[in-house]
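Below are two complexes that have chain A in common, paired first with chain B and then with chain C.
Let's turn to the complex of A and B:
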């Protein structure tokens, strides 16, 4: 959408398929949206989103599948569910994002920020291994893989002093169960 | 029971005027209902359906005509206009002209003005091409097309675009005020198009939708959510001819990109202004009109413009039929109170 900002979008060409997919597969009717922006006003990451939650819903209405799969917001959304909680129409925006993330992965669409994928992979592998996130584990691996060894080191020290960084790298008892959970839930057709 | 010797004249036979005439008559005072056209009903005669319950406005007109006939103190004079008025000690002597050329003079003790509203001439907006492209029309003209479509006539539309606030909320070429009824009747019209032609794409270009009334918000949401009319936020900037159809240019202000769409019909929800007859009538009876030509009521009164002059309905401000009726009844109450002194 950014590229052709000076060419009007023709509403005659709107592809309803994504709105219909979201209606049928996620059970979400974006026509319920009042365009009030309460979702975006409450979003803790809204200030760094290229498309705020309200605009994401608007993109669905405009049938802009491509932007929905390539936008930054897709990968920097925390899935905190605040937008859903605030929405007067009860529109499950995080579920829309989940659906679009899956669709992007399936379609082989690269995230606009390549490291985002690495981060997600590390986070998930940490959970798969231990049944919970070991922050230290994820951070060290992330910095190792990106070659920025000292990134956020100061913040790390601060967090450590406040007891926000768990050094023990704890794990849940039933890690085998977690592994089985992963196997059962990973969609067969996902890459 | 007939009350002695007092007579009211109601000018305008729409829902406000009919209600006023009826209530004054029911209280036992004589009332004369003057209508310029051949039939009673006024603007609502032209309308298909109504909000917020999708009811036929014609049923209301029929019911009121029945009640008026039933009331022996009401005299209905259609195809009649008011020519002049002289002040008497307890009212006015009014000269009426019938369409057949006859004139008649009536002594009247109170007047209720119920001349209604009309649509502003929006040909001033060259960018929309009203008066140039035949498929660009105002909302009242569109009601006629809706009726034709309902009767199976006319070409099936693939796309219809409604523009709200054409002349309303416009300090440069139109009026600063909100015409109040357009949001609701536009939703109604857009919904009717979808009912008739489910495959047609229907767009409503809006700045806000103002649906403050019992059942109104639900009505607009039904049109958006169940009938799938697409509401696009933005005031269209231009209408261009496009191979026999019409290309609309606007901005989707909710996402911030320029958009365009090709449609068959563009409907302009034009500002509602007082009917042209209102100003001369107001001058004739020495009552005040405001900045935009609407009648003004005396402070703390419901419908009183001056001692013996009252008003109801769209000549005071654009109003939907049920509220025009309420105002007609309010005017009747004030007339009855005056006559009962």
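Let's turn to the complex of A and C:
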């Protein structure tokens, strides 16, 4: 990655395959970016992103697939949709992040925040198993896998006392139908 | 009596059962029958769209198919997260017919006519209307100073939500006002609470919830009113766990807007689920002669 991603471009040198991919697969045209920076100004996590939303759009134009799949912003975006809503061109930046994250996962690229990824995976496997999420199961498995056995224990006890953890585990009747939806996906082989 | 299709989602069956309970009370008073979608599944939440767009589409196409079998319009969803995922899928299914066919193949009950998808706040404001919401009020919430908090997905992205103003939403303020309460003007009405990272990246979640809580307090609010299970849990639990509450004293109760409507309609406290919240709102309510 170049130090200054805003240096003028020699268009002939640029690999535009990722820009094309995002155009055709997501229906997003980053050429519409006016570089006004409203996306980054509003982003609640922008101050801790390694690449702000505006720079992410620039990375797409630069064809820098590798940075797009390894950057930390991929895993700490809140999907709050603020950047999309404030973009005068309506560029769906959260959808670009979803697309690149999925691509990174399919390509076996290591996540910069393995815990965020682990939490997503455990949630999905809870859905695959029952069709619905059991918070208790997800948090217990998360604590087990991260070795933080007592994390959120106090909160857990409070939730139990308030009747907020449903131990009866509501589930879908047609679980096979839900399981079939997982077959073609990366969530198929989850633990 | 009017019937609507109802999608509670996982949270309302577990961590936020008080939102479910109070929604039922409010709708009962407004003569709205909530018909729960048969055998609904999880919308996939943040994990779904973060990891696999086809899975998210599939899960919600199944939900919409289940809802369409009921032939009831609209489909009302209290959780903004579920609302966002289902409405997104609804728009896509209506726009791209090829996707419908692909999803249909894996389904026992393929989607019929797709219902309109509305979040609960939107349904109450746009279909029921403020005048009718005000009618059953028995105990006006006089003297309460509240911060109406909308979070992200109730109004964003505007192309999907098609509801209220995404920067300065007012719908919940209007409802609280007709109940007799005062609402404050504040800057963080539609900022993110950090909820998605409450387990996996706690420091990020805490930073964002602190900003919301502090600005609400500075604006003079005595409680924050929410319409989202994730906002409720992240703002409420943030204040009770040791080490997280250095900044804020006294604590701010985080109450579902439906609980306050039920209270104003005269339902007894025990039925509103107000006691299930971490920060007990009863002290505040008692001070105002409301409990």
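We take it that the second predicted complex is superposed on the first by the 130 of 191 C-alpha atoms of A that agree within 3 Å, B and C clash if a C-alpha of one lies under 4 Å from a C-alpha of the other, contacts with A are read in each partner's own complex, and residues count from 1 in each chain.
Just so we're on the same page, contacts are C-beta pairs under 8 Å (C-beta built on N, C-alpha and C of every residue); 3 or more make two chains touch, one makes a residue touch a chain.
Since we're looking at a predicted model, the values are computed, not measured.
Engineer: Is A:12 in contact with chain B, with chain C, with both, or with neither (first, second, both, neither)?
Structural biologist: Touch partner of A:12: chain B, not chain C.
Engineer: Going by the contact rule set out at the top, does A:48 touch chain B (first), chain C (second), both, or neither?
Structural biologist: second
Engineer: Considering only the touch criterion stated at the top, classify A:79 as touching first (chain B), second (chain C), both, or neither.
Structural biologist: After superposing on A, A:79 lies in contact with chain C but is clear of chain B.
Engineer: Return first, second, both or neither, reflecting whether A:58 touches chain B, chain C, both chains, or no partner chain.
Structural biologist: After superposition on chain A, A:58 lies in contact with chain B alone.
Engineer: For A:135, decide between first (touching chain B), second (touching chain C), both and neither.
Structural biologist: It touches chain C, and chain B stays clear.
Engineer: Compare chain B and chain C by how many residues of chain A each one touches, and report the one with more.
Structural biologist: The partner with more contacted residues on chain A is C.
Engineer: Could you look at A:172 and tell me whether it touches chain B, chain C, both or neither (first, second, both, neither)?
Structural biologist: In the superposition, A:172 touches chain C alone.
Engineer: A:32 contacts which: chain B (first), chain C (second), both, neither?
Structural biologist: first
Engineer: Using the touch definition from the top, list the residues of chain B that touch chain A in their complex.
Structural biologist: 159, 201, 203, 224-225, 228, 230, 232-233, 249, 252, 254-255, 257-262
Engineer: Contact residues on chain A for chain C in the complex?
Structural biologist: These residues of chain A touch chain C: 44-45, 48, 76, 78-82, 84-85, 90, 92, 98-99, 101-102, 105, 113, 115-116, 118-121, 123-124, 127, 131-135, 139, 142, 152, 154-155, 158-159, 162-166, 170, 172-174, 177-178, 180-182, 184-187.
Engineer: Considering the complex alone, what residue numbers of chain C touch chain A?
Structural biologist: 10, 13-17, 39-42, 44-55, 58-59, 62, 106-108, 152-153, 156-159, 166, 191-192, 194, 196-197, 199-201, 204, 208, 237, 240-242, 276-278
Engineer: Give every residue of chain A touching chain B within the complex, in rising order.
Structural biologist: Touching chain B from chain A are residues 1, 5-12, 29, 31-32, 35, 54-55, 58-59, 61-62.
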